[in-house]
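Shared between the two complexes below is subunit A, which pairs with subunit B and subunit C, respectively.
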Partner chain A sequence: MFPEIIDTRPLRNWVDDGLEWVVVNWGDGLEAAASPLLTLLLWIEHLLLATPWWLIILLLTGLAYLASRRLQLAALVCFSLVFLGVMGLWEDSIKTTALMLTATLTAIATSIPVGIAMARWRWLRNIVTPVLDLMQTLPSFVYLIPAVMIFGPGKVPALLATIIYASPPLVRLTDLGIRLVDPDVMEASRAFGASPRQRLFGVQIPLAMPTILAGINQTTMMALAMVVIASMIGAGGLGYQVLQGIGRLEVSRGLFAGLGIVVLAIIFDRVTQAFGRQLQERIGLQDTRT
Partner chain B sequence: MSEQPIIEMRGVTKIFGLDPQSALEAVRAGQTKAEALANSGHVVGLNDVSISVQRSEIFVVMGLSGSGKSTLIRHVNRLIDPTAGEIFVNGEDVLSMSREQLSEFRRTKVAMVFQKFGLLPHRSVLNNVAYGLEVRGVAKQDRLDLASQWIDTVGLSGYENSRPFELSGGQQQRVGLARALSMDTDILLMDEAFSALDPLIRSGMQDELLNLQQTLHKTILFITHDFDEAIRIGDKIAVLNDGVVVQTGSPGEIVLNPADDYVAEFVSDVNKARVIHVDSIMQRGEFEPCDVSVQAASRCEDVLPIFAEHEWVGVTDDDDKQIGRVTSKQVIAALARYTPASRS
Partner chain C sequence: MTLRKWKLAWALAVAGATFVGAPALAQDTTCGTDRKIDIAEMTWASASVLAHIHAIVLGDGYGCNVELVPGATVTTSASMMGAGEPAVAPELWMSSIADRWAEAEADGTVVKLGDAITDGTIEGLFIPATLLEEYPELATMDGVTARPDLFPDPEDPSKGRVYSGPPGWAAEMATASLYAAYAMDDSGWNLFSVDSAALAASIKRAFLRGDPILFYYWGPTAVLGQVDAVKVELPPVDDDVYKCNTNADCNEVGKTDWPSSMVYVGASAWVADEAPAVAEYFSKVGMTNEDISGLLIYGDANNAETRETAENFLQTRQDFWTTWVPADVAERVIAAIN
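Entry: the complex of A and B
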């Protein structure tokens, strides 16, 4: 056994008391601060639930065709959605999708600026990178419990946990994409007197777009990977079905809902990837980088 | 020198590394490029370079890779800041410009063409050519009109909506050239603009540049590693070796009197027919008009094919008045005379 050098109990008490203090004094404020997220989530959820099922299938199938220009993907998406409906998972799928979309949108709004700033300032990258590592490796329960203490069980802590877990790849890939922009093109832009702003919006972001899209794809996937854990604290949706299946030893319920998550993941993965490929072809990146 | 030079660099030194200032002192004290690298890890890009480029001339800086030529051209629009020295463009001190003044200077005074083209892959040819004007803030319709005119001039009509990656290397560089020309600046910087192209395409582009120059009269600073190219297009050539200008002069001067062994080595491989002008070897005087004639500024290589059909070739001045004539014998004698002893 490792010898006890210091007594960690005071340290632990200090952390626990600190959290309690935060809950008592800042709880309301933090809850108010998170309310726009909740509003967005509920708004998306209501919108999707109010939309007729056939319209959603039509829209997503059309989107899949637009993204890939191939009937195969459109057929796959259509078939997957019908599967969800037939298996009685429609409403839960919508709830899960709403959570995933809200988390992804929030991640896009926050991660892309952070990624751009990281590409620009090396010191910022040195600070943010370990934070991202922490966000990805820290077991989610460790921050879920304080989040539940602050916000109470429900959708908000579930959403926050999903955002924390799903954001890092987008930050990393935005940073990478910006830094990988062809230095010759950047130099040409500089030689013509482009301002930093003109370079960012005219050159860096458009050329980094395929990489950024890959980051968005990763974010959606990781957000879906969080749904079971998120449902433990009241997010509902497919994850809740899985949880109930496990709790009641109803293997079928868990299996079907689990398959539902996989089907959702496949739909969003293929559609975002197809968009990324289309963009990459339009830019012809492979050809100009050789 | 009657007129103020358009581009002037005085004693420009550029040292890359952690502590350029201390390395600068060592270099000024006589340390060579190799010593600086070995002693302190500093790379001497340019060492006390002075050049001056006159209005409407094509000034070629020629050197092998690592000689500092690309570093040199980037000092003119301050893509690189020098460690020491002075740089004037149109009499303006480039080094004292603020960030805003520098942007304005790049937007309005100098345009640049790059070895690797530097085109925006996500934009059409038309929008690539219009890019510089867009940065300058020219209204959309105006810049697109101008851009399509220049696309026409460089012979890319019909490709306006293509993407750069759909074009060949030569076509891509035409886009780069059109983008620079559309800026309508007096000064054009060309950094190994034709080096990435196939030999045939390259000589086509050289001809085209010379053609355009006859109407545009721009001040062009041209970088190349190809001595033949330097001789072909340059009004004046500076030869750069290890960051030092070893010789500056007209192509003829350099070919006839290379300053050192380094320059002599390039000269030995040169196609003399390209360097020697007919007016330096012709018979001056009044003769009966010849069937075919060339301008006095023509080179021997221009008249050689004519001898297949004709015995005499007339030489005319700028007003197309015949001022002399040449025969094949004179040309052959001239080419043989200028061949170095080592070759004969």
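Entry: the complex of A and C
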């Protein structure tokens, strides 16, 4: 096999001791830095839990109809939510939804500016792209256990893991969308005397909208994909039911909870896509792009 | 003409090699079977290291066709009872499967080859020793449940947090049953369950920072060996109550300590019939809590991977394991790990 050139153990010990040092010395500071995220998540969760179930079903069905103007989507959303409730998964679904919403909103708020900046400056793209590769492919548990040691188990490391996993598609697609804007259109806008800010918000972002919306859609899906891992470190929700089902050999429990996750994915996917289509129509891009 | 000569020469060479190789094959028959012996490697450290040790001895020593497969108490035992595989589970905890195992043994689908841990196991709720010194009333469960303020939940500081067993484990059900039996929900507590790796990380974190923590854990493990934790006193063991506590369908939960679990080397019945040498080997491999802790502490102290820990054990504790095997097997194992 490959010859042993150096003894890796001192290196590994150094990394482990370094982690312990961070936990002891920076733990409080990092926890405080992450507390706004936790506050946002808890606020969303309490809001959703406090709302009566029929109101949530009504609101989401109405939202689905407004977004798509089609009865089928509204009926699908209504039926899926009732399914969740009937199977006893309502509270778990709310917790999972709150986690996913918080992660997605944070990812959107951080990824789109980074994507836009990447499109503008090539040197930034060269730095950020390997970081994105890392975020997407590094196995979650590699950074999850250190995150648990630093922030403690529970919602914060779960949020961080979900955000790290879900952001890269949006960053990449935003960057791509902006770079793919027709150079002739950009030249025309420059000829008309538009300032860089006007070009960005008036030309580039609207034209990149389909791609950015695809990115948001992917981010939402990937946030839901992390649900089980998030539950392993204490976020609760539907993933927790899946884990219990696996551990106790109760296939039905895992199956229904898994279907619940699929249901949430379908609802958010269809609704965000429908809203996206409406947004594009409103800013003048017709269906040729979708 | 030339091609035929080459073919002839080749055929002779192969035949010769087969004959030369035959005596080597004769050594492998000490395994007793060509059937694949799949050994369940469970996720916790002691089971994992034991699985590797046995895989090396059976593979290199006895010449068996071994394979390590992932496992967990409930799923592995169910698979053995139903499908006859995996072949062996070197550390099978009986605490949650005792009845089903007894039934399957009576049916003849599984056998107990021996005791994996000879002096019982330890399971329970623990608190830091330093906390107990400060608040002596925390020595008993009643004292602990009365003080949720001493174990604040970081996500809900008005309530206390108790870490239960990992999701899906029998320990999770047992802790949840105790939680219900002591009416801890009404006393201002939150029950919190995380994966075993996250649980170990949370415990280490709390002890590193000197935070109070009330947690379920089991031994023999490296974690219990490394942190200064004290077991909370629960009412004496009541087997029937414990059985109900770990049964998802039973609602009359009660207050009881965890019984010391039997831990077997469990196997599918065919192993005893078709590979008696293997069965005999496994009947001798029992270790005490202390032995296993020593194993695990080496692994942790040296940041060793599971296979490394297993090889270290085989190299440094020859006095211990050579009693398990005939002399020629021991020689082959020692040659293989050097």
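The definition used in the following text is that the second predicted complex is superposed on the first by the 277 of 290 C-alpha atoms of A that agree within 3 Å, B and C clash if a C-alpha of one lies under 4 Å from a C-alpha of the other, contacts with A are read in each partner's own complex, and residues count from 1 in each chain.
In this section, contacts are C-beta pairs under 8 Å (C-beta built on N, C-alpha and C of every residue); 3 or more make two chains touch, one makes a residue touch a chain.
Small disclaimer: the values here were computed from a predicted structure and weren't measured.
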First (subunit B), second (subunit C), both or neither touched by A:217: neither
Touching partner for A:187 - first (subunit B), second (subunit C), both, neither: first
Subunit B versus subunit C as contact partner of A:93, first or second or both or neither: neither
Touching partner for A:247 - first (subunit B), second (subunit C), both, neither: second
Which of subunit B and subunit C A:20 touches, first, second, both or neither: second
Contacts of A:144 with subunit B and subunit C, given as first, second, both or neither: second
Superposition-derived comparison: subunit B or subunit C, residues of subunit A touched: C
Subunit B versus subunit C as contact partner of A:283, first or second or both or neither: first
Subunit A positions touched by subunit B in one structure and by subunit C in the second: none
Subunit B contact footprint on subunit A (complex, rising order): 182, 184-185, 187-195, 198, 202-203, 206-207, 209, 282-285, 287-288
In the complex with subunit C, residue positions of subunit A that touch it: 9, 12-13, 16, 20, 23-24, 27, 31, 38, 42, 141, 144-145, 148-150, 152-155, 231-234, 240, 243-250
Residues of subunit B touching subunit A in the complex: 77, 79, 102-108, 110-112, 114, 116-122, 131-132, 134-136, 163-166, 183, 189
Subunit C - residues contacting subunit A, complex: 72, 74-75, 78, 154-155, 166-169, 172-173, 192-195, 197-199, 201-202, 204-205, 208-209, 248, 302-303
